[in-house]
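Given below, in the form of structure tokens, are the structures.
Consider the two complexes below, in which chain A is the common component and chain B and chain C are the respective partners.
The block that comes next holds the complex of A and B.
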């Protein structure tokens, strides 16, 4: 069973602070949506609203078209993986996984069968009788996931699922969670502040900022076509230049700008003197060049003090790019330049709100 | 040290061992002050008691155990300690939970009551209970005002009269360990239980209780062991005909002038208490929690 989730104009105030200022979000059955935002943007609150752990002041939460905002959490059939996993320490792995079924008074034959299935799903078969304390962080997360899925919930909620894992394990578990989610086919909402994690796991990423959803889109669209400057610089590195309808403008023509051009570091190139032509370009002085394995990262400062980041392929001849030397940067892929028009950004914000 | 040597790789053994030996030798003298304190305050009096108990012409232990009054007091003491333990653990758990989840004013009130009762002398509190329990005391006065009772209450200096006061005096010792466990309880587990469909009963029974059970047992053992040797409260409220062990021992020393029998009874009390503690520790691993 997998449900369609619809959140309509949800407002939540905690104390005197308005944490959610009218959030609307729709998720098709079986999709993986990640709420991505800085801490304090309200993403965990929104997750708690879906789970029913947080009361809302105004707005609606619909599961398959049915209002659930007055339904208590235990009647919502949601599966949650908590940030600390919240496994019950005195119960065995099997009893933890069986807990939702025990609460629903299912017969013990069924419980044992489901525990077996779930532990096989998360690759922990044979760990039924272990104590949670004897497991590694990654294994505990799998147990939490198995428990969340045990009672066949309509929606799976993941609260910062990777926060307690080290970096290597994180990348493995992202792929693993995505595999399990696709295998089960369950509608999933995850919360994270890690953009790489959001990009890896999600079908849709919802960028949250100060209690509103700024943009909800596929990871690629968010990166290629951000609706505003916040999204552009939040997701990956972005160089923002003044622009008009025709594309980026020279830096000294900023007065005529009607929008902002977003140029990703990998789309910038260092121009040789004979390549200049009449293309758009940015002159500057090299501040730092660092080799990062798969790329060179070049930081350039323009005459106006603006910092521009450029990512160069690893086979670049970097001998001339010593700090202090003058360079001219150009755009290597003009068709990939995205221009945020002032009115666009305004419209998008209104739509999101 | 032996473990360190066994674990260390051969190449690494030489130098760290000397350092480790030095540091062990350096710290060993730190053990002496507590050892001396222990010898002076515990071992010394026990040796003196043994000496006292064996100083008489007859076997004081046989005499103590064949005294009907003493045997009766042993049962009375055990029953008192058991009931007080059960009552304080039950009330104490509710008390601690109320402090943990109650609104701020409830927290302040209960915490204040707990601390004030801990800071007030046992003597003062016992006399307070005396004033309540006297035949025409505060309790009677209140019931009479309410028109519930016209003849005086016969509670003072009965076996039953010891119970409410003992429970009140011992309550903080049960509440404090349980409160520590309740406060360190992970609230996210409550959310987890709720989200996975558990009602209040299942949540309490399967999630909260197992986490604080150890603390309830430690609090209970503490109260039980303390109740066994408690003197002032049972003596004043139970009266001379309902003495607990400590009251009988005092009577042997001061009234009957049989110091040897009194010493033998004291040793039986201390020995019995230690034995009960060891059994409880074996069963419930109490010292692991305290250590």
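The block that comes next holds the complex of A and C.
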């Protein structure tokens, strides 16, 4: 059973601080949505609103079209995995997983059967009688996941699921959680500040910034077509140049700009003197060249002090690119340049002011 | 133990520290040792150093009807008082975790702890005026039990609160999202975590109540004496070695109770540590 989630214009104030300022979000049944944002952007609060652990001032939360904002957490049929996993320390792994079924007064035969199924799902079949304290971090997380899924909830909520794991385990568990989510086919909302994690697991990523959702889109669209400069520089490295309708402008023509061009480092190339032509280009001085395995990362400073980052293929002959040498960068893939036009709303506001 | 980094780093400083520690423990235990030795004197009055050795004052205390009655009364008062104190203290500590407002939490916590500093005589006089008004409460131990319980509530409250504060604050929210109603959360999540702390609170409460004399002076019915009251009157009438024998016995009881408890809880923490070490290697 998997539900469609709809959040409509939710406002939450904690003390005097407006944590959520009118957030709306929709998720189709079975999709994996990640709330991605810096700390303090309100993403965990939004998760708590969905779980029913946070009262909202205004707005609606709908599960399959039904208002649930007045429903207490225990009646929402949500499965939550907390950052700390919050396993009951005095219960065995099996009892932890069986807890939601016990709360629902299911018979013990069914409890045992579901515990077995759930532990098999998360690959911990032999661990029924172990104490949570005797498990490793990754195992604890999987127990928490099994417990959250045991009562067949309509939606799964993950609060910073990888925060307590070390880096290697993190990458494994991202794949593992995605597998389990797809196998169960459950609508899932996760919270993270790690963009790689968000990209690996999610169908949709919702970028949060200071209590609002800035953009909700697939990971690729977010990267290729960010709606504003914040999203562009939040996800991956981005070079922002002044632009008009036609594309990026030369740096000395910034005054005519009507928008911002986003050019990713991998779309920039170093131009040889005979390649110049009349294409768009940026002259600059090499500040740093570093080899990072799958690429060279070249950092160039323009005459106006702007820092530009360029990725070069790992087999590039980089001997000429010593710090201090002058280079000219061009765009290798003009069709992939994304221009953020200043929104009409923004202009209107400026006029009004 | 032979050459730990701590010992090496402390160096010669450790000699004065050791001496001060020894002196301090002497100050703690010397009076007690004096009391114990006077209890085995052969004379009929308290004298130090004791003359000869006999257990006659012990047999005296243990066979004397008055002492035995007083012991039984104290046992009853302490048992009932402890149960009430554990109940109230635990409920208070649990209720505190359910409060959202931080200001309210810290106020109520203070209000629960402050009674430790209020002199028992204040309770005694207050409850005494109540007993004068209510005939139902005269000629029985109910009011004394209640009063003693009130004195012990803060100890239980502090113990249980510390137990609750060690728990992951996400446990209750997670239980509620898993469908648990509040009675189930209290029964299956809160209580199992604080049983040990409730026990510790009970041990302290019992020790506090068993030793308490001021309330007994005011609130025991005529002709009934608690053990501390009996000791007090005995000390006023004659300084017989029976008094020190009784206090030795009471002290032994306290040592057994508290010592037994700390042994028990040490074993528990050792087990927990073993478990987490196993987890680290797994």
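Heads up, the rule we're going with is that the second predicted complex is superposed on the first by the 343 of 353 C-alpha atoms of A that agree within 3 Å, B and C clash if a C-alpha of one lies under 4 Å from a C-alpha of the other, contacts with A are read in each partner's own complex, and residues count from 1 in each chain.
One rule holds in what follows: a contact is a pair of C-beta atoms (placed from the backbone, for glycine too) under 8 Å apart; a residue touches a chain by one contact, two chains touch by 3 or more.
Please read these numbers as outputs of a predicted model, since none were measured by experiment.
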item	value
Clash or fit, chain B versus chain C on superposed chain A	clash
First (chain B), second (chain C), both or neither touched by A:133	second
Which of chain B and chain C A:219 touches, first, second, both or neither	neither
Touching partner for A:211 - first (chain B), second (chain C), both, neither	neither
Which of chain B and chain C A:284 touches, first, second, both or neither	neither
Larger contact residue set on chain A - chain B or chain C	C
Intersection of the chain A residues that touch chain B with those that touch chain C	51-53, 72-76, 78-80, 82-84, 86, 88-91, 99-100, 102-104, 147, 151
Partner chain A, residues of chain B touching it in the complex	186, 188-189, 191-199, 202, 206-207, 210-211
Chain B-facing residues of chain A, complex	51-53, 72-76, 78-80, 82-84, 86, 88-91, 99-100, 102-104, 147, 151
Residues of chain A defined as touching chain C within the complex	51-53, 72-80, 82-84, 86, 88-91, 99-100, 102-104, 131, 133-136, 147-148, 151
Partner chain A, residues of chain C touching it in the complex	167-168, 170-171, 173-181, 184, 188-189, 192-193, 272, 275-276, 278-279, 282
